[in-house]
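Two complexes come next, and they have one chain in common, chain A, joined by chain B in the first and chain C in the second.
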Partner chain A sequence: MSAPSITSIPKPRSPYKARKTGNFELNSWLFMRGSGLLLVVLVFGHLFVNLMVGKGVHAIDFAFVAGKWANPFWQVWDLAMLWLAELHGMNGLRTIINDYATKDTTRFVLKTLLYFSALIVLVLGTLVIFTFDPCLDPASTLEVCTNR
Partner chain B sequence: MWSWVAHRITGVTIFFFLFAHVIDTAMVRVSPEAYNTAVETYKTPVVGVMEVGLVAAVLFHALNGIRIVLVDFWGNGPRYQRQLTYGVIGVFVVLFVPFVWRHLTNVFGG
Partner chain C sequence: MDVTIKILRYNPEVSEDATWESYQVTAEPTDRVLDALHKVKWDLDGSLTFRRSCAHGVCGSDAMRINGKNRLACKTLIKDVNPSKPITVEPIKGLPVLKDLVVDMEPFFDAYRSVMPFLVTTGNEPTRERLQSQADRDRFDDTTKCILCAACTTSCPVYWTDGQYFGPQAIVGAHRFIFDSRDEGTDQRLEILNDKEGVWRCRTTFNCTEACPRGIEVTKAIQEVKRALIFRR
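This part shows the complex of A and B:
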């Protein structure tokens, strides 16, 4: 047991210095609510179009994705869903790590893994949406390829 | 208290699924065959039933999230918080039952 230190107690009447922490936690709290409401629309729309309409999950294959991403509407939809969901989930896990990981090193390792995985998902997902070309194979018989 | 616990558990579940889902969708960039192989697994009975669990998690997380927004921002939200929780359960059942019926018909009906 070490003796309690008294050096950190400020002298009486020393001016109060507010810690400069900014509004990050307030902003992320607001972001969770805003992105959450947008994601309700984006994710329910995604689930309805991909699983409930027509043959449901059995309709999904390469041609299905090619047809969907030939339309900028679904490119923007999926891009917004990707970024909002990943940042919403990343911030949620950041909060959970802060709540349950009490050791500094554990928190550091878990958060490094978290941010690294989020970076992979965001970069990979964005690249896939924007560099996807369903007609790379010149012999492709897909409708989006034969029509142009 | 229990909706708070469930919100965390469903949130973490969805986050891990999103990681897998972005990777499997990225297979469209590899080749049509690679993507079709990946998405075939979604059509198997086992994953088809797991998808029901995933949608249950998404539905609860979304509806409970709306409840949290209402409690935080709507003037009468805290006063009606109990009714809002019953609302989450009610809307969950109304949306989940038709989904399960339709999705499992698709999965098992070929």
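This part shows the complex of A and C:
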């Protein structure tokens, strides 16, 4: 007599096929919360300093940016803002692609484009923050350049 | 009163397409949608197919999409679904429809099975029952109410687009044992739900909590599993 052919739950206490999944999704979930909180501080701090302190929005020009990036504090601030915002946005789009792209190929193409664009923004942005030279133009009349 | 029931009919032996069909029935405002469906099946069109067993909100057989929301037909009163307009009845979304309002529940039960919904213990069996304090029992009381009707899982937009996601119900089923002080399989269950298709797919849209005919706080249960994963070490 054959056993009844009912698909049933595995016998209790039968060893579960343990698959080590890693904590990537857990960490990415935590990162979204942490980076979100930090970005609130960084972005509003950035807006406050740029738009409200001193002459406010009217002070913003090439020299203003040059002056800010001559200070390592603002370099680190902007770097943190760049990396956190880009990774936060990238991770959000990654989950949206996971949610809505049903075909494996679509998902692969979209994610490749996403990671590629994020990489370009991160590398270029970081490069600009650290190699920015307001006096690249020898004819520059900016105060920081003429006083050298 | 006269009520129009508009049902999404599907019969793969006749047509590949599902079509809407309307039926006029006489019903009391305090009748249930299930009574109206019975009238359709018994008096108007015997080919109408739907599941129902206990008809009193306990067995979880007759979950369906009524006026766009997942409900149990046996717990939904006609007067609560605006009978002045046609009441739409569709099969629950995200599971393969077999006929009319009957869906294939196997993918749903597979997800439930994969979270090990049974007591896992080690060591010798005690000679008497496994005792538990009232507080320990209360910890997971909410998720013991689940009747496996699939209303939550098939209301979840992530489940609609991604059939790999465990779905709210499987997480509720896991929650019931994860927070049971007598159970020793917590680590295994948490590891299963830490998967790419596990709790992290949840976007907290609260559709599941709204859909649950038992009033289980499904989204809260999912969040508690997330918390348990984060603080488990």
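Please note the rule applied: the second predicted complex is superposed on the first by the 125 of 148 C-alpha atoms of A that agree within 3 Å, B and C clash if a C-alpha of one lies under 4 Å from a C-alpha of the other, contacts with A are read in each partner's own complex, and residues count from 1 in each chain.
The criterion applied here is as follows: a residue touches a chain if its C-beta (ideal position, glycine included) is under 8 Å from a C-beta of that chain, and two chains touch if they have at least 3 such contacts.
This structure is a prediction, so every number in the text was calculated from the model and none was measured.
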Chain A: partner with more touched residues, chain B or chain C: B
Contacts of A:C145 with chain B and chain C, given as first, second, both or neither: neither
First, second, both or neither for A:L84, with chain B first and chain C second: neither
Contacts of A:A70 with chain B and chain C, given as first, second, both or neither: neither
First (chain B), second (chain C), both or neither touched by A:N98: second
Partner chain(s) touched by A:L42 [first = chain B, second = chain C, both, neither]: neither
Partner chain C, residues of chain A touching it in the complex: 7, 9-10, 12-13, 16, 18-21, 23-26, 28-30, 95, 98-100, 102
Residues of chain B touching chain A in the complex: 8, 11-12, 14-15, 18-19, 22-23, 25-26, 28-29, 32, 35-36, 39, 42-43, 48, 51, 55, 58, 62, 65-66, 68-69, 72-73, 99, 102-103, 105-107, 110
Interfacial residue positions of chain A with respect to chain B in the complex: 33, 36-37, 39-40, 43-44, 47, 51-52, 55-58, 60-62, 65-66, 82, 85-86, 89-90, 92-93, 96, 117, 121, 124-125, 127-128, 131-132, 134, 137
Contact footprint of chain A on chain C as seen in their complex: 106, 113, 116-120, 157-158, 161-162, 188, 191-192, 194-196, 198, 200-201, 203, 226, 229-230
